[in-house]
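Structures given as structure tokens follow.
One chain, chain A, appears in both complexes that follow, with chain B as partner in the first and chain C in the second.
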Partner chain A sequence: MRILAPAGFQARAAARKRIHWTPFLFLAPYLFLFVSLRLGPSLIGLAISFTNWSAVGVPQWVGLANYQALFIDPRFRDALTNTVIFTAMAVPALVGLGLAFALFLNQPHRGRGLGRVAVFTPYVIMPTVVGVLWTWILEKDFGLLNVLLGRQIPWLVSPSWAMLGLVLAAVWSMVGYNTVLFLAGLQDIPTELYEAARIDGANAWRSFWSLTLPLLAPTAFLVLMLTIINTFQVFDLVYVMTSGGPGTSTLTMVQYVYTTAFQFFKFGYGSAVAMVMFVILVIVALIQTRAYRRGLESIY
Partner chain B sequence: MRRRNAIVATLWYAVLAGIIVVMMAPVAWMISTAFKPELQILTTQIRWIPDPPTLEHFQTVLSRHAIWRWLVNSVVVATAATLLVLLLDSLAGYALARMEFFGRDALFAVILSMLFVPLQITVIPLFLIFANLGLVDTYAALILPVGANVTGVFLMRQFFLSIPGELEDAARVDGANDWQIWARVVLPLARPALLAVAIVTFLSAWNAFFWPLIATRSDAARPLAVGIAQFLTLRPGLAQTVQAYGPSMAAATIAALPPILFFFALQRHFIQGVSMTGLKG
Partner chain C sequence: MQTGNVRWMSLLLIVVLLVAGCAAPVAPPAGETAAQQPAAPEGVVTLEFWGGWTGPDANTMQAIVDRYNAEHPNVRVNLSMQAWSPLFDAFIAASSAGSAPDILAMHPQELAQFVHLGLILPLDEIVANSEVIKPENYLENAWEGNKVDGKLYGVPLDLHMHGLYYNKAAFEKAGVAVPPSTPPVNRNEFMEMAKRLTIDANGKSAAEEGFDANNIVQYAINAHTNHHAFFQWWSLYNQLGGQLISEDGKSCAMDLDKAAQAWQFLQDLVYVHKVAPQGQTDYPRDFLDGRTAMLVDGPWRIPQLEQAAAESGFRWGATQYPNIFGGEFAVWGSGHNFTLPSKADPNKQAAAVAFLEWMAANSAEWAKSGQLPAFKAILESEEFQQMEGRAPFIASMPYEKLFPATPKYNEIFASNAPTPMMVMAQRIMLEAADPAAEVKTACEAISAILATP
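And now, the complex of A and B:
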């Protein structure tokens, strides 16, 4: 006992020393990059949005002038409307199809692995390549889709069809991600529950409604949130396939940030557009979290 | 009952075939177009097998564009970014999960809150930072911002929270210090999490577009994602140069095949890794 006591004392002293320094050494390299290239730039971005800075000259503080200008800027209104429309079209398709594919590919048949690979393959193709590929598939006269349909729909070149064309490409390329997330959620549901339900006399339909769907709610919530965040920030597909056109019919928020800040070099105004996006995303996240909590309370 | 099962199974396979065809047809069409002679591209006849197959579009693309250079740039940037993230995030994630220090939870909350801040907000300041450092159009400008990611730290922390503390205690009794415990005890256990982080980081660095578009000016550092985008956006006016589809599909094929083959080879790890990212939120 007497021999061990000093050793324990030493260890405790050493522990106290570790508590002071080691964690920060572990964290330092990451925090250096995080603060200088993520947290810092976010705060600077917020600050720039209150200035009239345009690449050259000294930025001048203009308060909320940029935000006021946004309200009467028709291009901003178009960008916001288009982004909301794109999100409203793509999200139900992406979440609905993702869930349907996952339920389907979760059935115990041979060959489902092949189906999973096929559904996920488009997701590993970079979005700009997807854009180039779908521009060809949606070509008016010789594109694969129109040839198959036997029609000459002016996808991408007519203001009324361009958005749908973008949505098709986006759904094809991203549905695999949601499918994988839903499959992971389905596999987390213990099979004993289904057996118990079957013994209690529940048919397949009943156990789907009373077991699968409620237990999948957390996954569905997550998938919905991620899908909204991703589609709201759509850029690469739009940039490649339509550049926001024809006219402003597919101009999206990020596309507008890009043109104002990096083609017209209005850094202050561009930052304000990006801040509005951030605020909208936070509001959507808050509403969803609330609705989700309510929903959970009503189930349990 | 058995008869009914057989019908259900047949139906299931029919739907499966439909899904596979719809999801793979665009990829097959891309490859098919890339190898087609000019005359077979702009036609309303559907022909899947080029007759005779030609390499002319690949030759056109390779002679006019620095596509190999873009490919090398993408591989270098995505690989370096992945290694950087693995090192930094496994260190930081470990400290956030297993060490006690003042302000730990607050720090983690700040890191996590950045998940909601769209990257577009940071892009203008990032550009100014790298322009001031004279690092625009370099690999560093593309790699370093990836190191500031949030997902990797979050995933590593989650993983480290799940391993039992007895292992570290045992190592500590044996006289190992924190660094040795991290390197010899914890990291070997973290292989599944590291693999997941590696796959997700590589994929997102490989696909990244907005920031690389702004941060590169020439072929010196331009990654594939940005290079490929020029194929259709450089079209003169709105009138598309119609005969460009052969070369652009050849370029698309060159860009798409490496990740597809990579995915086919590692599909189980890929899908597991990606589904782990679903834990965030």
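And now, the complex of A and C:
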């Protein structure tokens, strides 16, 4: 029987037995941080969402009570609706502008370096600073934007304008990140392809549609996914600029998590809101991944 | 063997990382002004003292604490300050970890929720033998405001309430006599002032024929769109004799008609009489720039006005908040107090009480921040009574109405969250929503909050 065993079998079995520890050594710092700061707290959060914990004292198991309460909570509905609206407004702008800036900054022209820095700089500014800055820019009477527009739009003090004001600030501060990702994607496309297309007689528009866009699809997918996840989790800007107001017009999901947990001391309920958000994002990611696979099949 | 060494080294590294991670000392709250304190020498009691002052009053408090430390070599008080909301987050976390500060400052209306969580000690026994911290030494409503279910939980430091500041130059220009510092002006007097101090681009006032309401260059008074809007509503609602929460604390007991009536007055100033701007955000700036002739604000504004007077000759005065509804005067108010957290070191309690006693007797310094000392000896001192602009606020002290003590304080009143009070205030003042409908919605929301255990 031993003779009949395939030649590589023994060697493979031996390789399987011998665990290479060295890679884990390099992964250890990250894994330690990931488990202690991400995975662990997330699992604890899941457990807390089934309790009525108030940060002090012993948590009591309440089963699905927090989740049941969510369904009839008008504030939760406001937060969910507002978050979806914010995402729906910000994502097209962030992806579209990100791509536009990247295409522009990928061209060899003077000022390209300065342009890249200018687009990316807002992203490295702390969100709280961005919030304060934009609170001034959007000020009704003396704000920069209203002065430029020559109007007195009540950006942050009107329930109908406040969301747009937040979207402006968010797009300004986050578009640089998408631009950099798109730039990296663009630079991955071999220039030979464009040369070949030119020889075949394709104009700039044609090579954009038939070369750039299809080859940029994986990057675009990544950018879209990251942008949806990031905008869905918007918090710092909202907290600094409007605190969810006026009224509940800019209350978002993460802010509602913060409010219920840290301001109202209902950590169980706040964790339940966070868990619902997690499930929504997982579903969005799954749908996107499926659509992406199907899209790739149609391209290649 | 080579791989064996690496294996052990990696394990060792992980262990080191784990130990380092776990052994990291719990950091105190990232104080904005808390300087890195050197380690205390042997025999010195160290008291951790947390407060939420972040304006100029933070420097005042730090100076007072520094003086205490200089006078008391056996005690070192470490003052940590950051904004109230994150301060309370840090307090909850520290209490949960069993390392609460020895002294925590807060506002009386916030007491009930921390008492409810079991984080604040009742003080009746702790200060029973104190010669300083006893009811007769304090203003009565300040002392009573620090009780929850009949027990004392806070030592009052100061009170503050709304008053009415005015720009003397604007009054002179409009030919309107400035109001006396007391008593409060009534509704007719107030409306007369408001109309005559609202001026259009042609120099006509709202009291004149041909006034152009679309080109107003000076409004008579500010219109709050933040939490101070419902603070003002609380003054007016109490002038009508209103109640907010039922005796058992389980439901909303708002008199909807009176509640709506109080809001209607504030809303009409903006949308009907046009004597206050819509969608205002920076009230003190607009007042100092002459865009509004009057400003409803607390005594904490006094230092800034004094500075403007010294630097640019801004001339200001103050009177009590108006008594619009003619009944017994009432005005929104609050204050600061000191509490002893339950999850602190009990061995330091005596030192903490001694510090609070010293604080009470030395709160004159604190009064410079504009706050009104709750300790009678300081309050009644000639020095304090003569301080500029304080008279109307001192006169308002007995009439100040605190928000009701409820464990659900934040859920109903928090200013940076979509609470029923904030939503009601902003719907009415920014969207011109119908006050009758809004107070009903708010009352239902408050009842729902109070009904959940």
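Quick notes on this one:
What we mean here is this: the second predicted complex is superposed on the first by the 261 of 300 C-alpha atoms of A that agree within 3 Å, B and C clash if a C-alpha of one lies under 4 Å from a C-alpha of the other, contacts with A are read in each partner's own complex, and residues count from 1 in each chain.
In this section, a contact is a pair of C-beta atoms (placed from the backbone, for glycine too) under 8 Å apart; a residue touches a chain by one contact, two chains touch by 3 or more.
What you are looking at is a predicted structure, and each value in this text was computed from that prediction instead of being measured.
When the two complexes are overlaid on their common chain A, residue A:Leu251 makes contact with chain C while staying clear of chain B. By the document's definition of touching, of the two partners only chain C reaches A:Arg75; chain B does not. The partner that reaches more residues of chain A, of the two candidates chain B and chain C, is B.
Of the two partner chains placed around the shared chain by superposition, chain B is the only one that A:Pro41 touches, whereas chain C remains out of contact. Look at A:Ser158: by the touch rule set out above, it reaches chain C but stays clear of chain B. In the superposition on chain A, A:Thr121 makes contact with chain B only, while chain C stays out of contact range. By the touch criterion stated above, A:Glu139 is placed in contact with chain B and with chain C alike. Once chain A of one complex is fitted onto chain A of the other, the partner contacts of A:Phe24 extend to both chain B and chain C. Residue contacts after overlaying the shared chain place A:Leu166 against neither chain B nor chain C. When the shared chain is aligned, chain C comes close enough to touch A:Gln263, but chain B does not. Residues 22, 24, 29, 36, 139, 157, 239, 243, 245-246, 262 of chain A are contacted both by chain B in one complex and by chain C in the other. Within the complex formed with chain B, the residues of chain A that make contact are 18-20, 22-24, 26-27, 29-31, 33-34, 36-42, 44-46, 48, 101, 104, 107, 109, 111-112, 114-122, 124-129, 131-137, 139, 141-142, 144, 147-148, 157, 172, 176-177, 180-181, 183-185, 219, 222-223, 225-226, 233, 235-236, 239-241, 243, 245-246, 254, 257-258, 261-262, 267, 270-271, 274-275, 277-278, 281-282, 285. Residues of chain B that touch chain A in their complex: 9, 12-13, 15-16, 19-20, 23-27, 29-30, 33, 41-44, 46, 87-89, 91-92, 94-96, 99-101, 104, 107, 110-111, 114, 116-129, 144-145, 147-150, 153, 177-179, 182, 203, 206-207, 209-210, 213-214, 224-226, 228-229, 231-233, 238, 240, 245, 248-249, 251-252, 255-256, 259-260, 262-264, 267, 270-271, 274-275, 278, 281. Against chain A, the residues of chain C that register as touching in their complex are 3, 6-7, 9-10, 13-14, 17-18, 21, 85, 89, 92-93, 95-96, 113, 117-119, 225, 278-282, 410-411, 414-418, 422-423, 426-427, 430-431. Interface residues of chain A facing chain C in the complex, by the touch rule stated above, are 21-22, 24-25, 28-29, 32, 36, 54-57, 75, 78, 139-140, 154, 156-159, 239, 243-248, 251, 259, 262-265.
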